[in-house]
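In the two complexes that follow, chain A is the common piece, with chain B as its partner first and chain C second.
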Partner chain A sequence: MGKAKIATTSLAGCFGCHMSLLDIDERILELIELVDFDKSPIDDIKTFSGRCLVGLVEGGCCNEENVEVLKSFREHCEILISFGDCAIMGGIPAMRNTIPLQECLDEAYINGPTVYNPSGEVPNDPEIPLLLNRVYPAHEVVRIDYHLPGCPPPADTIWEALVALLSNKPLDLPYELIKYD
Partner chain B sequence: MSETFTFVIDDKEIEGCFGQTILEAAEEAGVYIPRLCHLKGLTPFGSCRVCTCMVNGRAMAACTQPAAPGMIVENASERVTEIRKSLVEMLFVEGNHFCMFCERSGDCELQGLAYRFGIAAPRYPYLFPERDLDASHDDIFIDRNRCVLCGRCVRASREKDGKHVFGFVGRGPAKRVQVNAEAALAETKVAVTDEAVAACPVGAILKKRTAYRVPVGERRYDHEPIGSDIEKRRTAAAE
Partner chain C sequence: MSQDHELERSVRAICQAHDRDAGRLLDIVRQVQVREGQVSGAALDLIAEELGQQRVEVEGVVSFYAFFSEEPQGRIVIRLCGDVIDRMQGAERVGKVLEDELGIRFGETTEDGLISLEWTACIGMSDQAPAALVGNVIVTQLATDAARDLVRELRKHGDPQRLVRTFGDGNNAHERVRAMVVNNIRQAGPVILAEMEKGSAIRKSVALSPAEVVRAVKTARLRGRGGAGFPTGMKWQFTRTAEGDTRYIICNADEGEPGTFKDRVILTERPHLLFEGMTIAGYAIGAEKGILYLRAEYAYLRSMLEEVLDTRREKGLLGAHICGKEGFAFDIRIQLGAGAYICGEETALISSAEGLRGDPKNRPPFPAQKGYKGCPSSVNNVETLCCVARIMDNGAGWFAQLGSECSSGTKLFSVSGDCRSPGIYELPFGTTLGELLELVGAGDAVGVQVGGPSGKMVGPADFDREFCFDDLATGGSIMVFGPERDLLEVASGFMDFFIDESCGYCTPCRVGNVLLKERLDKVRAGLADASDLDYLERLGETVRTASRCGLGQTSPNPILSTLENFRPLYEARLKSPDESLLATFDIQGALEESRGITGRDSLHFRREDGRQNSQEKGATA
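Coming up: the complex of A and B.
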C-alpha cells in the first residue's frame, strides 16, 4: 500500500497558513514519511493525480476560480479541512462583504487616492476569474469535515490535526491550540 | 443576616441566601456559570442567555433567576453546553468579528467563551451586517461591528457613572447601541475613565492608543479558559 496523499491549496488567503504548515520545522521530515504531497503549492503540482486522504484548504472563496478549485478538492479528498480564519469565516478578504462589489471595484481602480489608471477602466479580461458578490467561508460552499482556526493556525495545531487524522485517531485539540488570531 | 438554604447544581449541594441569583450563589461556591451580559455590580439584564441552565427541568437565565431552596440546577451537562454553544455561535455570525486584528483578541469574553466551548467554526451562515464605527472621540471609539448588545455599557454608564451616555435604539436585527448626543461620541459626556468603557466584554468600546500592549501568550485567555478564576476558588476551598 502506498503512502497516503495530501493536497493543499490557497484560495482567498495570503499563504500565511501555508507558511504555518512549513513552520512545523523538522517535523516536515516525519510528515513526508507519512504522506506524499499531491496537488499543492508546496511541490507545485497543479492537478490531482488521484484521490487524496486529506485536503487542506486555506482561504475562502472570493472568485469563481476559488469555487471551482474548492469543489475539485471536495471531489478528490476523503477528509477536507478548512485551515485558518479566512477559510472559516472569510477573514480579511471578507471585510469587503459589507460594501457593494461595484463600490469596491471603483475604489480599487478609479477613485482610490493612489490609483493611476488613465483609461479609467476596470480590468475585465475573460482570463481574470470573476469576483463573487461577497467572500464565502469554505464550508458555505462545500461540506468541510474539520476546521482549524487561527490567523494563521499555530503549526502545532496543524501538526496535531494531521497526525491524528493520518493515524486514524479522533481529532481532539487541547484548549491552547484553538485560537482565532 | 439573611437566611441561608441549600440547592443543587450538577449533583453538588450549594449554599444560597435569599435575594441571590443562581449565578451569584454558584459563583460564591466556586461554580462557574458561563455569562456574557452579566457583570458583577450591575443590575442583571438577562439578554444574552449564555448563562442558561436547566432549572427543575426548564431552561432559565441563571443571572436573573433567584436561587431558591431545593432547586435542581443543571449547569455543565452536555445539553446545556450545547444551548450555550449555539448562542455563542449565533453571536459570532450576526456581527463582524474579525478576531485576527481585533485589539481585544485574547482578552475578549465572547472569544473566551468560544475557546472554552471548543468552537472551531460556527455552524450558522455568516450574516456580514453593515455596522458603523464612531471614532469621533479623542480617547475612545465604538466599533459596532463587534457589539453583542449586552447592554453592559448602557447599565454601567447609568448605574456607575451617572451619565446615561449609552442606550439602545431600534429593534431586532436593527438594534444597536447609540450615544446620548445628536451626532457622535465626541459630543457626549463620556470620559476614558468611565466604568462604561471598561464594561464592554468585547472590542466594541475601546480606549485609543492602548492596543496590543499585552504580548500574545500573556493575555487573559491564552492559557486558561474564561471562568477558571471562579473554578479555582472551589479547588482552593476543597484543599
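Coming up: the complex of A and C.
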C-alpha cells in the first residue's frame, strides 16, 4: 500500500495559513513519512497526479479561478478541509461583500488615495479570471468535510488534525488550540 | 404645531392616569398606540420624560412587542393568523384576497391610513381557522369571499365590531364579549368544565390554614398544566417560605403555544372557577395581590372578565376579609400582553408585567424566590388554578383518584387540524393518543404534533402511548395531520414561528433556529445529502443545550422529533454527496456582474455551456 497523498491550495487567502502549516517545523519530516505531497504550493506541483486522501484549502473563492481549483480539489480529494477563517467564512477578502463590485475596482485602480494609474484603465486582460459578485466561503461552493478555524490556525492545531486523520484516530484538540481570544 | 400639542396633552394624560408608574409602561404604551396608531419618536420622548426613564428604555419596549409600532399603522390592523393550521385551511388564499382587495401587501398600510395588514402567529382559534384579529375583534373561519366582504364593509363603516353578525355559544354572546367565537366544547369532564357554586371552594379553603391548603394540593398530586408539569404544591411551598413581605400570585393566561386554545374556553366559560383558584392560591402562599396576565389576542374577553371581578368583589369573594376570614385580603388586576409568545415563559411574563421588554430572566433566583418586582411570586397556568379550586371543593382524594397512576386529574386538550371534530376535550390522564384521535374523528392521521411546536411530532407507532407527565406530556395542543400533508413543510412552518418569536438574547436560539430552518429547507428542496441530517441533529442538540430559556431549549423539536419519528421522509429527499460544485452554488449568477463590467465571458464557466467543466471545454478548444 503506497503512502496517502495530500494536496493543498491557497485560494483567496494571504498564504498565512500555509505559513502556519510550515510552522510545524521539523515535524514536516514526520509528515512526509505519513504522506506524499501532491498538487501544492509547497512542492510547486501544479496539477493533480491522481486521487488524494486529504485536500487542505486556504481562502474562500473571490474569482472563477478559485472556483475552478476548488472544484478540482473536490473531485480529486476524499476529504476536504477548510483551514483558516478565510476558507471558512470568507475572512478579510469578504469585507468587500457589502460593496458593489464596480466600486471596489474603481477604488483599487482609479480612486484609491495611493493609486498611480495615469491611463485610468482597470486591468482587463483576457487572462485575468473574472471576479465573483462576492467572496464565497469554500463550503458554499463545494462540500467541505472539516473546518479548522483560526487566522491562521496554529501549527499545532493543523498538526494534530492531520495526524489524527492520517492515523485514523479521534481528534482531541486541547482548549488552547481552539481558543482564539 | 397644534398637532404636537394635541399629542403632548394626550400622552401626558395617559401617563398621569397611570400615576407615572414605569411599572405600567405596557399599559401606557398600549393606550398611546391605540389612540395615535403609533408610538412615534415624539411620543417616546414624552413618555420617557413623564416616567423619568431613558428614551431607549421606552423604545426597547415599543420595538419588542408585535402590537406596538413606531411607524404609523392604520386605524384598523388586520392580523391574519399565518400558522400551519390556518395555512392548511386556506389562510394563504385569504391573505391574497385581502391584499388584492386592500391594494397593499402584508406589512403595509392603505394610503388613506385606514387599514394595515399583518401576519400573526396563532391567535388561539385553531379550531375555527382561518382566523384573524381585526382590531380587537376576532374573525373566525374566514373564507375568501368573506374576506372580500370584510374589507368592503370596513371601508364603509370602519367598525370591526359590526363585522360580527352572529355570536358564538355561551358567554361568547355575553353583552361584554359579543364575539363570533364558538367554544367547541366536545367533551366536558368533572374538573374544569363542570359547574361549581361561587365561593364554595374558597370557604372550604379558609376553614383550613394556608399550610393545610398547600398540603391538600400536594396530596392531590397536582402538577402544572402550562407545559413544564412542575408540582404545584411544591412551587407554592417555595413561594410561601421564601424571604419577603409581599408576595404575588400570577396567572399565566398568555396561551401562545400554537394550537392551544383551552385557556380561551376556560376564560370564556369558567372565569369564576379560575378566580376562585387564584384567590385560594393567594391565601395559600400569603399573597394579597394577583395578576392575570392576559394575552393581547384575548383582549376581547377583558371587559367581561373585569365584570366578573367586580361581581366577586361585590359578593365578598375578593377584597378585604374574603368569605368573612379575618385578615385575608386579596384582589386581582388584569395585565394585558402585547403580542409576544415568549411572554408565556414565566420569567419573561414577569418582565413584561413589570413594564419591561419581555426578556426572560436568568435563574436562579427562581420566581418563587424573587419574582414580580423582586418579591416571591408563583406563576401558574389558568387550568392549574382551576384544578386547585376543584381540589379544594371536591377534596384532594377525589382528585387524586382521577387520571392515571403518575398523573392525577384531567387534562384539557385543544384539538385542531385534520379531524372531524376540532375543539376542546377534557379527558382523564392516562387516555391514549389513539383514543383521543378516535374521539375527534381522525382515523387516518399520519402525524400528530403533541404539545405544539415546542412539543413533538409523533406517528402511528406512538398512538398507543398515554397522555401523562411521564409518557406523552403536553400543555394540551394537539394538531392532527392527515395523509396528504407534508410533515417537513409543517416542521419548517414551526421553525418560522420560533425564528419570529425568539427574544434574540442568546445566539444559539437567535441564530441557530435560522440555520436549522435553512438546512431543513435544503432537505425539502432535494439539495441535501446525509451529512446535512447529521448537521441538523448536532446543531439541534446545541441549540437545545445552549439556550437560556425554554423557548430555545425546545425550538429544535420540530426538526429533532421528525428526524426521530419520520426519518424516511428526510431520507427520501436526500441525494448522494456532491463530488463537484454544490447545486446551491450558482456560478453563472455569481459571474453576471463581472461579465457586465469587463465586457467578456468567463474562462472556465462560459455562459453558453452552463455548467460545463474545463476538461470538456479543453476538448472543444
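We take it that the second predicted complex is superposed on the first by the 177 of 181 C-alpha atoms of A that agree within 3 Å, B and C clash if a C-alpha of one lies under 4 Å from a C-alpha of the other, contacts with A are read in each partner's own complex, and residues count from 1 in each chain.
The criterion applied here is as follows: a residue touches a chain if its C-beta (ideal position, glycine included) is under 8 Å from a C-beta of that chain, and two chains touch if they have at least 3 such contacts.
Note that the structure is predicted; figures quoted are calculated from it, not measured.
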Review point. Just from the overlay, do chain B and chain C fit on chain A, or is there a clash?
Key: clash
Practice item. Determine, under the contact definition given at the top, whether A:T47 touches first (chain B), second (chain C), both, or neither. Key: neither
Practice item. For A:S82, select first, second, both or neither according to whether it touches chain B, chain C, the two together, or no partner. Key: first
Check your understanding: Touching A:S119, do we find chain B (first), chain C (second), both, or neither?
Key -> neither
Exercise for review: Pick one for A:G91: touches chain B only (first), chain C only (second), both, or neither.
Suggested key: first
Check your understanding: Touch check for A:D181: first (chain B), second (chain C), both, or neither?
Key -> first
Practice item. May I ask you to decide whether A:S167 touches chain B, chain C, both, or neither, giving the answer as first, second, both or neither? Key: neither
Point to revise | Partner chain(s) touched by A:L148 [first = chain B, second = chain C, both, neither] | key: first
Exercise for review: Considering only the touch criterion stated at the top, classify A:E140 as touching first (chain B), second (chain C), both, or neither.
Suggested key: both
Point to revise | Identified clashing stretch of chain C versus chain B [417-425, 543-551 or 579-587] | key: 543-551
Study note, to complete from the structure: Contacts of chain A common to chain B and chain C in the A-superposed view 134, 140
Study note, to complete from the structure: chain A residues touching chain C in their complex are 64-65, 67-68, 71, 74-75, 101-102, 105, 124, 126-127, 129-134, 136, 140-143
Review point. Which bits of chain A are touching chain B when the two form their complex?
Key: 82, 85, 88-92, 94-95, 97-98, 134, 137, 139-140, 144, 146-149, 151, 173, 175-176, 178-181
**Study point:** chain B residues touching chain A - in the complex, by the definition given at the top
**Key:** 92, 96-102, 105-106, 111, 114-116, 118-122, 125-126, 128-131, 216, 222-225
Check your understanding: Taking the complex as given, what residues does chain C use to touch chain A?
Key -> 529, 531, 577-582, 584-585, 587, 589-595, 597-600, 602-605, 613-614
